[in-house]
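A, B, C and D label the chains in the order they appear, each numbered from 1.
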Amino acid sequence: MEDRIRSSFAKQSMMQTLGAEVESVAAGEVVITAPILPGSRQQHDVAHAALSFAIGDTAAGYAALTVMPEDCEVMTAEMKINLLAPGAGEHLRATGKVIKPGRRLVIVTAEVHAVTGHEEKLVAILQGTMVPVTA
Amino acid sequence: MEDRIRSSFAKQSMMQTLGAEVESVAAGEVVITAPILPGSRQQHDVAHAALSFAIGDTAAGYAALTVMPEDCEVMTAEMKINLLAPGAGEHLRATGKVIKPGRRLVIVTAEVHAVTGHEEKLVAILQGTMVPVTA
Amino acid sequence: MEDRIRSSFAKQSMMQTLGAEVESVAAGEVVITAPILPGSRQQHDVAHAALSFAIGDTAAGYAALTVMPEDCEVMTAEMKINLLAPGAGEHLRATGKVIKPGRRLVIVTAEVHAVTGHEEKLVAILQGTMVPVTA
Amino acid sequence: MEDRIRSSFAKQSMMQTLGAEVESVAAGEVVITAPILPGSRQQHDVAHAALSFAIGDTAAGYAALTVMPEDCEVMTAEMKINLLAPGAGEHLRATGKVIKPGRRLVIVTAEVHAVTGHEEKLVAILQGTMVPVTA
């Protein structure tokens, strides 16, 4: 499972552009991290909302993939993000979780934290729907 | 107004990373385009959902800025995206609109189209809330 | 089609509790109205958010049903509502529309207006996903 | 705090129409229950989505009120609901929680369970934004 996710992740050029990495893969839960690169910022020099969205959505999508049949890929049907605090820190970490698996729809959430040393701050929460597509 | 938006946009390094440009600025409506760069893709080689989110959210945010007092900046409080079709084409174009201005909250929507020659396909719709912040 | 929707609507006891009625049915667009009954209010005596949600969601769902095969029923997978203004007036009117039909997912929006005489005020917008279920 | 919430709740006629009750109030968390009344159903005779929305939104709103100054009331700015399973059972129970308090925006979530005897099934999750309004 982890190989399959790391291999799919490696094909997402957007993840490389953002410097994102898969930190861990477990059944129903995937963690993705990303530095706040000089090229990933908004006008106040903190992480762009799209960075939190990108890694939150991707972590949630791969969490969904862990509960889908082997021959499936996953696609985001819809995703909602609430931004709680500026994305400032050493890096961002997104934890995606499956709330409800299903044959046609998988309901997921993600939390994005800004990490500085041992401190973590919740900066965004996401809630959405993933759909399986035959690869 | 257009100068103010173009100047703020130029400070968003994420927009440069994604190759995005401001196409037009009008009261309550801003259009942003982006190519589907080799580095902006998901595993099936079409635009990553985060690209549609990034330009849709930014177009909606600047649309909101056009109805705010001059000394304000805008921040996304929350945004929801429904993805309708793969982001395949020559480039993406996001049209952000103000649905309801307000002193504390500005309600916005955005549509993202994939454009190929004279053809356009709706690939994502967004609905969210922007808040003014004192610059 | 209209008969099918009116017959399904009649079986939704919540719609009767709220006094809601089907105003019109067209391909991809359904309009539902509801009075702001004494029993449908929040603590400031205007319409409860759940009333706008109820008729907006139902109008969107039946709009989706107009583009589904005949033997299907429709179910809400997810729905987001932004509330723009207090629901005050003689009645509320929800217009549900199909944005993108599909075999597995139908993307919809709805607008809810508060109506007083000839005046209309937009009080809520909704964006969501309907799924067909075999009846 | 609990008195203030119970008193506000008693003024929401929609809550009485739906038979809803406040089960518990704690700092940042409020629980509301409702029977699945004969008049609260959709066409398949289970709870209408609007019932889950109504009590989930209200539980989240009062959870937000517990972290606001005393002279405030709370209003829903936006709310998203994902429906996970049919609302079938003896009653529904919504648990609303504050994720991030704030002077201008309070970010909240809610879970709605269908309860039958000692069994509970998660039927809906909500994520949204509450705003304080001066009473």
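Everything below uses one rule, namely that contacts are C-beta pairs under 8 Å (C-beta built on N, C-alpha and C of every residue); 3 or more make two chains touch, one makes a residue touch a chain.
In this text, all values refer to a predicted model and were calculated from it rather than measured experimentally.
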A-D or B-D - the one linked by more C-beta pairs in contact: A-D
Most distant chain from subunit B by Cα centroid: D
Inter-centroid spacing, subunit D versus subunit A (mean Cα positions, whole Å): 28
Rounded Å distance between subunit C and subunit D, as computed from the means of their C-alpha atoms: 20
Centre distance in Å when subunit B and subunit D are each reduced to the mean of their C-alpha atoms: 33
Numbers and ranges of subunit B residues touching at least 2 other chains: 77-78, 80, 82, 128-129
In the complex, subunit C residues that touch subunit B: 80, 82, 84-85, 99-100, 107, 109, 122, 125, 127-129
Subunit C partner contacts - residues on subunit A that touch it in the complex: 77-78, 80, 104-105, 128-129, 131
Partner subunit D, residues of subunit C touching it in the complex: 8-9, 11-14, 16-17, 37-44, 48-51, 53-54, 57-58, 73, 75-83
